[in-house]
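Per-chain residue numbering starts at 1, and chain names A, B, C and D are given in the order in which the chains are listed.
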Amino acid sequence: MNKLPIFSAAILVGALSTQAAGAQELILGYMMAKSGPYVSLANTIEIAVDLAVEEINNKGGVGGRKIKVVKFDTAGDPKQATTALRRFATDDAVLGVIGPFSSSEVRTTFPVGEREGVAQMSMASSAPGLTKGFTYGYRNTTDEGLVIDQVIAALKAKGLPAASGVAAYATDDVVSKSIGATVVPAMFKKHAISLKGSVDFQYAAFDLSPQVAQIKQFAPDIVGLGSPPEGAVNLAKELKRQNVSTRVIGGTTISDPELPKRMAGAGDNLTIGTTFFPDVNDRTKAFTAEFAKRAKAAGFERTDPNQFDASVYDIVYLYAEAMKNGSVTGEKAKLAAERTAVRDALAKIKNLPLLEGSISFTDGDAVKPVYVLEVKGGKWTLLDTRMPN
Amino acid sequence: MTAKSAQRSVALSITGLSKSFAGVRAIDNLSFEVPEGRAVALIGPNGAGKTTVFNMVSGVYPVDCGTIAVNGVDVTHMPSRKRIAAGVARSFQNIRLMAHLSVLDNLLVGQHRRNASIAAMLTPYRLVPSHRWKREALQALAESGLEAYAKENVGALPYGVRKRIDLVRATLAGANVLMLDEPAAGLNPTETNALRGDLQALKARGLTLLVVEHDMHFVDSVCENVVVLNFGQKIAEGPLSTVRQDRLVREAYLGVEEEA
Amino acid sequence: MVSQQIVNGLMLGSIYMLVAVAFTLAIGVLNFLNFSIPGLFMVGGMAAYGGVKLGLHWSLAFAGALALAALISLAVERLAYRPMQGGDPEAPLVSSLGFLVLLENLMLIRYGSDQQAFPPLLADMNLRIGDLVIGMAQLASLALSIALVVWLSWFLSATNSGRRIRTVAESGETAVLLGVNMSSLAPRLFVGSAMLAATAGILFAVNYQQVSPFMGEGVGFKGVAAMIVGGMGSIWGAVLGGLLIGMIEVLSISVIGANVVNITVYGLLLLILILRPQGLIGRPPSREKL
Amino acid sequence: MSGYLTGVLVTLSFNIIAAYAVYLPIAAGQLNLGIAGFMAIGAYAAAFLTNEMSWPIWAAVLVSAGLAGSVGLMIGLPVLRTHGIYLAMATFALGQVISAVFLNLEVVGGAAGYPVAAYAPPNIVFAAAAGVVGFMLLLSTTRFALYLTAVKSDPTVADLLGVSVRGIQAAAFTLGAMVAGFGGALYAHHYSFIEAQHFNVMLSVFPVLYVLFGGTQTVLGPLVGALFFTLAPEWLRASAEWRYALFALFIILFMAARPQGLVTMSLFRLFGRRKPQVTT
């Protein structure tokens, strides 16, 4: 009886780990979320990873060695994410890990990475303070506090009405709640906006009519929103239905290239901060075009890269830079030392010009430009570009 | 279990028992007694209320009024679960063996009343080869000649065998009053004879029986007395031969049956 | 604002109500807690969306969605209900949940995990009375839901088939003795309850202009709660329960906050189950005979 | 040991513990759809004890399991007055309420979740799962296990034979809650982070599926069910996006073919016949 699981799992491991046996390659692990709740946000990320790796290898790799990526689907599940990390660390001899995707996964894999001594860099988790206490944990994301700060500053700079505000947020989601309950009130105070009240809803809420009825009573200039994109869509539609005209502002949680289309005519003036905008310069335009080509070829419905695609593309370059600076060889014997070297080199990166702009790290979190976008005529338009101070 | 000496001779005593369902009187002011060590049959046409009496004595139905005493202890308002400890056990008209358990396991459940402590409950007896409980249950089976079925799943057994196992289970609790609901119904003549032997053995051990049964030859061979019910009322009581002569009884029930 | 919140609660309740009726048909008559119903609700919405996206007229898309839900429900009857007769009472739960997971994942593969926008049927489908906003689609769905329920309760009490169904609900054995053909009745009931669930899903899509592969779960569980609060097996109980749960949810949000919704709604369910398991309208379960 | 294998076996261990938490009440005829609530109690209580009170892990885990059990007993007694589907729904509602309470409990992080500092390595998790299986096997040789089946099979007759039906059911429910709390407490200390959103309906429902799939008639059913539900999605990894759809389809077809679950008494007898009968 007891032999069955070990036996069958052993077969699996044998089948999966043979591919990781290459000798002179620099191996990175990549945690995908190709099934489960984040599919639509995360399923094109693989294209960006492959694109960046191809580009680097075509230019000769890192110190003459090619980068190789081993992939594992976590389904967005924290438990499977730790399995992935254990596999990368023990079986695949990776030098660093791309991912995981969600904040919940980060909370379970960062402690494992710390014990195993292997760096991870998340492309999506933006809950405040996730990297605190971890020396191997990195995020190429911007803290929502910094983002919202810049969004409001942009409104003030452009002279848009922002005298009074209401906070609206999903109560059962870590990032959304911290935005709505902490970040928005603090930033309103910082920018002298009077907080008239707050409304909340459940993460999966479809009916926001009671909340909008309350917002209508407050009649604010702006609504500070902490929510996933779905909440923004539903709020915009319900605001329109109940005839409430107010500007909704938010952070990177609602940054989605498809959002104006998904709001189907509602949501004009929705203003958000994000870390990627396709029309900034030639590099972003080239990336967007190449990404679209590959996404189309792979049969994806969405062909515009989102902020996670851009983030992960830069993560590959960040690892390449760190491996170069750390003089990493990929030899098995030096694995532990080289993993630490990668970690230390990441921490030292300053103002590296990449796709998203100039990137540095403070306490494991990336510091990079914030693009303030506004919905106008059913499209995202750039309102302002700001550098967090 | 130890009855007071003055009442020692009465094992089961029913006084002024009444029960209505949705306004219809099912049992009306019924009183009778079963002396210790004797067998009494409760007879009457279908719907006369015989099973209802069993259900009230075992506590499945609450009574409307009247009292039930077992071995001198008033059990009228006792929870059904505790009545087996007062000394009354029963079998069922539609055999109620636990289908997913083996014959042996069914009998082990039957022993519960005598092994009800937490310690007994948590003894890993299955690890002990030929544990006292298993031996005891097998012996009881052997006395009825059913030991070959011990490991079988009860669901798969012939009707007559299940019926007798139901009886063996009822005896294992150590109760001195047994209520048997149509024990011979559906049995072939051989099985009926075997059952008769079982019941006589029980009587020989001093057990008291209350039997609901339609087979009058069977009743005659096992029971000393009968109580005749009709529409929930007692219409006659006494030895079967006497009761047979009763005009009311003949009209209500026996006459029809005898001629059939 | 209070009147607006009452309107909001009634509208939400009308969706729960239909799902609750779908559940109550399956459980009251067949004694089957059919967890594929949230899946069928989702299929109603998602298939209608798929149809509209393919360029079908909305009426065709709706009809297609209903037909698809009915077909799936027949498969549920065949694979989840029928083989389980006589087995553990919990066994059908596994397979009906299996259907929920299967349907969700099939839609996920086809349309992705994102919530999709359901196109509005009219430009502005709202009545505005002073400050009060009432969605016409919502009003229509409330009316349709009530009409369906009225028809259903008339059908059960006044027609031969309805009486047969009620006999089965009272006692499966008696029904068989009276010559009710269960093997032809059960599929019909499954189709009926699937149509109700899918209709609710379509109304949801039209009202809230959104669909997603997971839209059935939250609504489905609230539907079960509504059914029990009202009284299991009672159609008018499901109506009352649905409206009550809708009102409580909206009032909890506007008075206390969204974070207590699960506590108030499911707390009420728990309380009802402990104090009055038969629900607000419904008969107490009877003790078996020996 | 391979890192991947370790990861899968850890998941398996937690699934086995959860399966037995559900199995105990199911064996007594009660469907507990709120097991996640008891896991949450165990997880949060143990995390609180090690984080804020600096208790050692083992003490925190044991005390939290006891706490989950006592909450199970206190809430179980009124809830167990209901039967069948009503009971299932009551436990379902209970699970929802418990996790909603933790979502609002700011002292353990509220919606932001609660990081856990102390760490229980994989070997501890394996040992705990083995311990639970051993305990269940031992329990299955007692009268208590016999009465679970008796109470499920025919509560009326069990009652008339003097078995305290409510007592057995309450004990099974409480013991199940305790095992769930034990699993939750260990989960918190292995994965180093807990959040109320994790303890949702699906977490309650999946162990029920393991048990019903494996079969409720024998003590090995939950083990087999948990094995299958843990390993099958791993086998199906290659089919990427189709893996959960295929998995669900398989469950439906399997249950249609074998409604009593995989491991049944008759299967056992089939194998038992070949051996000499040593038990009598």
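Keep in mind that, in the parts below, a residue touches a chain if its C-beta (ideal position, glycine included) is under 8 Å from a C-beta of that chain, and two chains touch if they have at least 3 such contacts.
In this text, all values refer to a predicted model and were calculated from it rather than measured experimentally.
Taking the mean of each chain's C-alpha atoms, the chain whose centre lies closest to the overall C-alpha mean is D.
Using the average of C-alpha coordinates as each chain's centre, B ends up farthest from chain D. Chain B and chain C have CA centres that are 49 Å apart. Distance between chain centres (mean CA atoms), chain B to chain D: 41 Å. The mean-CA centres of chain A and chain D are about 35 angstrom from one another, to the nearest whole unit. Each chain gets a centre from the mean of its Cα atoms; for chain A and chain B, those two points are 74 Å apart. In chain A, the positions touching at least two other chains are 35, 39, 171-172. Among the residues of chain B, those touching two or more other chains are numbered 60, 92, 96. The set of chain D residues touching two or more other chains comprises 103, 111, 156, 241, 244.
Here chain D touches chain A in the complex through residues 2-12, 14, 103, 110-113, 115, 119, 191-193, 195-198, 220, 223, 227, 230-231, 234-235, 237, 240-241, 243-244, going by the rule given at the top. Note for the complex: chain C touches chain D at residues 27, 31, 33, 79-80, 83-84, 87-91, 93-95, 97-99, 101-102, 105-106, 108-109, 217, 221, 224-225, 228, 232, 259-263, 266-267, 269-270, 273-274, 277, 285, 288, 290.
Chain A meets chain C in the complex at residues 35-41, 43, 170-172, 200-202, 204-207, 209-211, 213-214, 216-217, 229-230, 233-234, 237, 241-243, 258, 261-264, 301. Across the complex, chain A is touched by residues 1, 4-5, 8-9, 11-12, 108, 112-117, 119-120, 126, 128, 131, 133, 135, 204, 208-210, 212, 214-215, 217-218, 250, 253-254, 257-259, 261-262 of chain C.
By the touch criterion stated above, chain B contacts chain D in their complex at residues 58-60, 80-85, 89-90, 92, 96, 98-101, 105, 108-110, 112-113, 115-116, 120-127, 129-130, 134, 138, 150-151, 153, 169, 173.
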